[in-house]
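Just so it is clear, A, B, C and D label the chains in written order, and each chain counts residues from 1 on its own.
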Amino acid sequence: MTQQLPATMSQSLFDSRADAIADAARQLAALGWTPATSSNFSMRVDDEHAAITISGRDKGHLGRDDIMLIDLHGHAVGTTARPSAETALHTQVYRRWPEMTAVLHTHSRTQSVASRLYAARGTIQLQGWELQKAISGYTSHDSVLEIPVFPNTQHMPDLVAQVDAWLDAGKPLHAYLIDGHGIYTWGRDIAEARRHLEALEFLLECEMDLRRLSS
Amino acid sequence: MTQQLPATMSQSLFDSRADAIADAARQLAALGWTPATSSNFSMRVDDEHAAITISGRDKGHLGRDDIMLIDLHGHAVGTTARPSAETALHTQVYRRWPEMTAVLHTHSRTQSVASRLYAARGTIQLQGWELQKAISGYTSHDSVLEIPVFPNTQHMPDLVAQVDAWLDAGKPLHAYLIDGHGIYTWGRDIAEARRHLEALEFLLECEMDLRRLSS
Amino acid sequence: MTQQLPATMSQSLFDSRADAIADAARQLAALGWTPATSSNFSMRVDDEHAAITISGRDKGHLGRDDIMLIDLHGHAVGTTARPSAETALHTQVYRRWPEMTAVLHTHSRTQSVASRLYAARGTIQLQGWELQKAISGYTSHDSVLEIPVFPNTQHMPDLVAQVDAWLDAGKPLHAYLIDGHGIYTWGRDIAEARRHLEALEFLLECEMDLRRLSS
Amino acid sequence: MTQQLPATMSQSLFDSRADAIADAARQLAALGWTPATSSNFSMRVDDEHAAITISGRDKGHLGRDDIMLIDLHGHAVGTTARPSAETALHTQVYRRWPEMTAVLHTHSRTQSVASRLYAARGTIQLQGWELQKAISGYTSHDSVLEIPVFPNTQHMPDLVAQVDAWLDAGKPLHAYLIDGHGIYTWGRDIAEARRHLEALEFLLECEMDLRRLSS
């Protein structure tokens, strides 16, 4: 499957994004956070485009050919490859925050189980953990870090609308869980997005351990 | 131990199946799913034969010499090697579904414990997990994925009869657990069989975590 | 520290035992079963001698120089190195069973916790697990595999006496736990000893998972 | 960022400390004990100086350039790099115990959760574990090993004062936890500090497993 780039986009720019996505995917797959070809990853390429993983590929063995170009409405650009159904959740981030350049969506066991446990309440509130400081903007363990848990659906526009509603209500958002499904988080660069993902996985694990041991 | 092939079977065909089995076995052993020489793996070679692991070998270090040929009634073909006692459960799959070409049987701690927990009920019903979509034919987390748990026995014909009875009752079957023992699953190719196995391990882990944390 | 061998023992015989011990130790250390320089391993060399790990070495990085010769009463032979205080538990196995040639003692978290949990009862009884068949002499999941848990003491003769008392009462013994401490198991060759150790770790994990989830 | 050394300090001395710190950090990061750029590590260089990790670096990929020199009051020496806010907890150890040469601070999930669980009680008392003998000065599982849990604060002088108060009360101290945060431990050389850290992680895991299973 050949990827044709727009005339205004250099091959080396696209390739650098594709390589960064594939690197991140391999490392997250090695942690077991992308079971059975699940999960997807993207990076902004310019004001109008992003690079994203092609649907259904094994995330532990991605190369440049497994990454495709889309516009910020989720349409394939210069390729017949099919973007993931969940592409709309990536482009939503790029459209709402011009400074965000990387979106990571994984499916770890911890993320899946936490989403089920807290689905009825609708949010997970983290407080008292030093590692909350790994989330940009947080400077103390005393702050409250709130992660919403949205109901799962196979109809993407409903998910997009839930995220929009949260943001339109003026609430801070650094990541969200989808019930029975996984996590979405992002960053101003891929290092920040990965730091957020790593810290959130750790915090969710700690919170569930504490729940298990306190009962 | 020398493996003689039937005149109608090419060496390269058998070797390709043996290599695919050994590769899968090494990777599953590295995950800790084949403790203490347990587990067995097979692939269909043609309409009348399958290749299967020889009993008692360390699944982390298989080579072509650890794979033998059997007919679809479980008899050794062209070798004095002894197939596993559980061979009958592999050939049953190949006889009932002409399109199935790979059967994987592992013994992970998760599979063993889940089988004990749900043995009295006789089935595990999975619902609400996005990863159910990794099982061929499932397109929504809302579907119910039912995995039967059959009582263990050292008498193989009884196990074969339990599986036949389930299928003869017209119930769907993508995998089954044996109480205190492990899981069997299969696929139209070995990639599908591995995706099923990986997804089921993940789903069983999640289900047990949820049970532990919800109580 | 130089190891002088008795005139009747070939260097190559000692070296082969030392290498087998170091290999096993490295692999068990990689699993996290030998935390903080704990654990010890030995192999019979001949009717009167065994090779054993020198006390206090990091089990993940053993070489031939970390293995010493002892007689079957636990005295150093041909070296000024100090054998572990627990050497008496190794030589007891070699004296009581002429056919046993390898003894493994590890300290995994599972072994340590299981020993505390079952110390008051004095034994762990395993039943219903297919993997019991990995213990030599067991042919069915229906059998009962009983592992005694002895109280811990820093006075080795008391531990030796407890094991002797169990055996003198005519009870079968394939392994034992020491409370808060770890496991001892053995085999007719090191492959059997390792299979026993791997199967027992798995069975203890499963039994504790089942206890946690059934409550 | 260039590190200028005092005239009295050889480059090779500083480099050997920096390499030992980077080695330890890489190995502890590989265990998952330093999530999301957290944790810090130091070694004494001479009577007046220590080498310490520069704040915010990924602990899995440290080189000599990620280590800086400080005096024993926590001020940067010969560099414009910023030492971690928690540097004061390292220099406190070097000032109070002239024989201590290495301090390790990590953030594992086990350490974080244990600190939350025992924060209200203020200490964790370990007893009955053979591995307590891995802590220098302990010769029996019967001894009590007490690890204080101090409240977390973003104001370092308060933490330093809590540690001083514990020590000034004449209580033994081999390590301490900070609530929701992690562990500090140390040793006369880096091997001792790592043995302490490894043993404490193991003991905290065992203690929490026992609590979970005994309830």
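Quick note on the criterion: a contact is a pair of C-beta atoms (placed from the backbone, for glycine too) under 8 Å apart; a residue touches a chain by one contact, two chains touch by 3 or more.
Values in this document were obtained by computation on a predicted structure and should not be read as measured data.
> If each hop has to land on a touching chain, what is the smallest number of hops from subunit C to subunit D?
Graph distance in the chain contact network comes out at 1.
> Determine whether subunit B and subunit C, two copies of the same sequence, contact each other through the same residue numbers or different ones, counting it as same when over half of the numbers at the interface appear on both sides.
On the two sides of the subunit C and subunit B interface, the residue numbers are mostly different, under half being shared.
> Report, in whole Å, the distance between the mean C-alpha point of subunit B and the mean C-alpha point of subunit C.
Those two chain centres are 33 Å apart.
> On a C-alpha centroid basis, what's the spacing between subunit A and subunit C, in Å?
Here the centre of subunit C sits 47 Å away from the centre of subunit A.
> Residues of subunit D touching 2+ other chains?
In subunit D, 212, 215 touch at least two other chains.
> Using the touch rule from the top of the page, what pairs of chains touch, sorted by label?
Taking the chains two at a time, the touching pairs are A-B, A-D, B-C, C-D.
> Which of the residues in subunit B end up touching subunit C in this complex?
35-38, 107, 109, 112-113, 116-117, 152, 154, 178-182, 208, 211-212, 215
> Using the touch definition up top, name the residues of subunit C that touch subunit B in the complex.
Going by the criterion above, the answer is residues 128-131, 134, 139-142, 195, 198-199, 202, 205-206, 209-210, 212-215.
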